[in-house]
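Note sheet for the following structure.
Letters are used for the chains, namely A, B and C, taken in the order the chains are written, and counting of residues starts over at 1 for each.
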Amino acid sequence: MNVLFLDEHNDVSRQALTLARRFGEPHSVRMDAVTPYAPDSLAAILAAAAERLEASAVVAAGTERGNEVMARLAARTRLPFAANCVAVTPGDPVTLTRMRWGGSLLEEARLHSPRPLITVAPHTIPADDGPTPAEIRVDAPHPGDLLVQVSGHVAAGSGGVSLAEAKVIVSGGRGVGSKDGFAIIEELAGLLGAAVGCSRAVTSAGWRPHTDQVGQTGTKVAPELYIACGISGATQHMAGLKGAKRILAINSDPQAPLMLNADYTVTGDLKEIVPAISAEIRKRR
Amino acid sequence: MIVAQAIALAVALVIAGALFGRRALLLYRLVRSGKPASRFDDVPARARAEAVVVVGQSKLLQRLVPGLVHAAIFWGFLVLFPTIVIGMIGAVDPHATLPWLGAQGWYALLVDVFALLVLAGVVAAFVIRKVQRPARFKGSHLGEADLILALIAGIIVTLFLWHGSQIALGLNDYPAGWAPVSSLVAGALHRPLVPFLERAAVWAHVLIILSFLVYLPYSKHLHILVAAINVYFGRTRARGRLEPIQFDRPEADVRFGSARVTDMTWKQMLDTMSCTECGRCQDVCPAYVTGKALSPKLLIMAMRDQLKTEGPKVLAANGSYTPPPIVPDAVTDDIVWDCVTCGACVRECPVGIEHIDHVIDLRRNLVMVESRFPEEAGTMLRDVDRSSNPWGKPQADRTQWAEGLGVRVLQPGEPAPDVLFWVGCAPAFDERARKAAVSTAKLMLAAGVDFAILGPREACTGDPARRMGDEYTFQRLANQNVETLNSSRVKRIVTTCPHCFNSIGKEYPDFGGNFEVIHHTEFLAGLVREGKLEPLAGEQKITYHDSCYLARHNDVRSQPRELVDAVGKAVEMPRNRERTFCCGAGGARMWMEEKRGRPINQERVREAVATGAETLAVACPFCTVMLDDGVREMGAKLQVIDLATLLAEAVEKRRNMAT
Amino acid sequence: MLTEDSRAIDTRHLGFTMSPHEECGVEEAVRIIEANGGDSVVLTLGPPEAVEQLRDAMALGIDRAIHLQTDGQEWDGEGTAAAIADAIRGEEATSGPFDIIFFGNESADSGGFQVGIRVAYALNRPCVTGLKKVTLDGANVRCEQEIEGGRDVYVVPLPAVLTVKEGLNLPRYPSVPGKMRARSKAVTVLTSARPEPRLELVRLDVPAGQGRRAESLGTGRGAATAVVDLLVKAGVI
């Protein structure tokens, strides 16, 4: 049995591939098969390839583009589509588990479809070291499918990563100690491609501008990972963190509210710990 | 001669009367064009306010020296009032006077003494203004005040000169011995000039008084005429209550606060006309003294100036002219949002101006019509509206703080407890404010009080939305809470939050909710008094920070101090009780960034540190958070603790001693 | 908290709101109409109570609403899209075509990532997704889609279907006159039969580990290795 796989050639694709193998032998179409990106043409290519392969399923990683192309494939072929799955059991119907509410709830569902269309939620299952799938030869796209195609690019603003949209945030509180103390926070953020945030206490003290403040009266953030350094976690701050997927708290007080509400904690002096993390990242590169 | 002088006086009176009347009529028509305000009830309380604040000069005398100066001038003028008529009679006919009173020796003595007091007052006022130059006058029209003081001095000096020359000429109907000052003046006069001086002085006296009369309605000294009226129409009760907006009518008839001067109520217009620019409000304003954009004095002056320039155009155009918006034309957005609604200005104002009502009306228009407010407060408004609490926490988590305490959660249909403990959002959700709720619950359990909480059925009272100007959201929540409380047959409510205390106790009656609302400090002090709680007083020095919505708006001042005395040694901050200084969180400032000036909370913490106390006791969850933040920001050696927690610790200590 | 049958969230103490993506879509529609004139319609598929969210949208300035009423049962993305496409065809038959149809990029609750795209295909219109900026340009619309390190630009002809994301704009706080007016704006109620879902919900679960105590990665600088291991595992580096 063949399974068609939309490959982005990165970690999350390798993770998704693990799950795709459950449906059969994967054959891949590259996400960059059409450049610039034109999602309708990719959907058309997938539809034709799935027919040719008699694919038992079509699988992609649940990235923005993965979900987009698969939804277009679903619309084009009039098939149901399950986004952001974390587990699947092939069969008729397919039983699967998928993320709802941005991952805060899991849905167990049945997918009734002659050809299941599935994306896999990123970073939820480990990648296996199975073989790289064979790439399928792709025909030139139909002009009608190029109506929606990238025709330009706007570079990210000069201000670096914006807080509201950052995937990773390194944030400092009163525990950072001073304006200059933020150097180690900025260093770690630079290594992670992260945005720098801070608590209200920090802006009150004038160490950082108000635009850096995370919280009820600052920016509401929704990163994949929020690293809170020396932030006690006042209600005003926590109100801005509701969208954060994972929180790592570094604080000398293990009883600080943020330490109790975090997913991961490191207890101790952030002035030692943060530089040590930066050093460790450099060492591994 | 008499006829000529009578004609001259008549001409002067007609001219002065016409000039004065024209202006007075305009001002009257302006005030009549104001939007309605119900201030005609409660006559005894109004009469009392008139007696205490106007006649008794109570607010002015809060500052002793300037108070006495003003009182001398004010009381002097009351005594001297008949001399205006006596002077006019004397101006026409030197041999005539007011029947009976003009001939009374005791009255001559009163006039002499009070005229001297007025003169002394004027001199002292000049010294204050020219030498001492207090900061409260910053932004006031100083030249206008100088002119007025000069006119008053002129009135008194000419009075003495007239009386002196009368005595010298033997024209006095009263016994000269009863007028010692005038007699002294008489002795000092140059004889040959006296007949001429007598005429000149009395005419100068009368003409200065008439000029004064004409000048009044064009100047800030309109307060002489308007202040007494304004004080009469002031709020007589529930100073913390805001006037509800009537939404159940066609949109065009709803007054969404004040967008333009034409939207002001007649009382608010009267407020602006009463302002004498004395700056007492400015002096006590937490926003102003920490360097922010707001000065309550300048706010009222700006609205007055716009009313006086735009109002007549509106009246003349018969409604076809639309004046410019108050914000930002007369008052900037920053000014409107700097206010903490602490009420210090209202408390201080000697002429009964109600600044908070002006600020709230400006906010109501900005928020409800223009959707314009400090961006960061938007989250709070949305969360109060959608999640029924200002932090957007799940309502189901409202009972988390009480886990393991054995507190009853009142379910629908269950019999009402003796006391409903209205926890409030901050004590339920904020980890620092939570301690007060836990302590209060533990103490009530220990004292055997039959109480329960509403848990997830409790919604925000709407106070932060209301103080932001979002009356619509407030009323929705108020109606919902009143419905919950009434359907549960609740009679008595204890709250730990002064803002909940004010809203439920003073504002919910407007929405059909009539409950006995008790602040936890009052309730706990009662339990201590009854012997149901026995704390062990310690040696720690405690300074108590009065919350504005307790001490100033709602007169709860002694019970918290009973608790302080029951647990430690009290030491007062200079600004205490009804003249307390805000923590900075009131007026929904809790949910705004303090971008201008110095932090208000630190200002207050500095005052607390200066007392030498090791504990800063509070009775409000917002004060707890603000002052604790201030202590941390400054690295001060001070612990910020709610009185309930202090009491719980002291009760625990006594219990441990016993075992 | 879930209901006893684990098929839904226990909503007794929850308020309902429009999701952020959709609210931005509504705001963008209002702004476009304010700037260019015209007429805006808001549409939702949901139980009778969802009329409140339609009123919220009209309070922001939308002119009228269409409510595809359901009995509260879960509809899958396919069924939802089909019903919406039908409703739009019906509306366009009487009132003329919509130049732009906005959708939220994905629903906050089910996260299906497909309704807008399916409707676009059903109506045979171009569809651009994940938008953070929308600019009208004559007969075209210029769209900016958020990607790593910047934004991709698309220009497509109108009429088009655009799916948008939070951050597209800052939705206004609805004015009270707006809220009052919204109460009297027209809501057309339509019902359609729920097709048997091909993506069928069986049960909901709270993921294991949620609400548990934090996991300690150690103390002091010695924890750095564990932290970086975590960063690698989470795909941050």
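Keep in mind that, in the parts below, a residue touches a chain if its C-beta (ideal position, glycine included) is under 8 Å from a C-beta of that chain, and two chains touch if they have at least 3 such contacts.
What you see is a predicted model, and the numbers here were worked out from it, not measured in a lab.
When each chain is reduced to the average of its Cα atoms, A sits farthest from chain B. Counted by C-beta pairs in contact, the busier of A-B and A-C is A-C.
The geometric centre of chain B is 48 Å away from that of chain C, both derived from CA atoms. One simple way to say how far apart two chains are is to compare their mean CA positions; for chain A and chain B this gives 55 Å. Spacing of chain A relative to chain C, judged by their CA centroids, is 19 angstrom.
The multi-chain contact residues of chain A, meaning those touching 2 or more other chains, do not exist; every residue touches at most one other chain.
Residues 247, 251, 254, 256, 367-371, 373, 375, 378, 381-382, 386-388, 394-396, 456, 470-472 of chain B are the ones touching chain C in the complex. Considering their complex, residues 1, 12-15, 17, 170, 172-177, 179-181 of chain C touch chain B.
Across the complex, chain B is touched by residues 174, 200-201, 203-205, 210, 213, 216-218, 220, 233-236, 238-239, 242, 257 of chain A. Looking at the complex, you find that chain B touches chain A at residues 376-377, 379-380, 383, 390-392, 426, 429-432, 591-595, 599, 625, 629, 632-633. Looking at the complex, you find that chain A touches chain C at residues 11-12, 36-37, 39, 64, 67-68, 70-72, 74-76, 79-84, 93, 95, 97-113, 119, 122-123, 147-156, 164-165, 167-168, 191-192, 224-225, 246, 248-249, 259-269, 272-273, 275-277, 279-281, 284.
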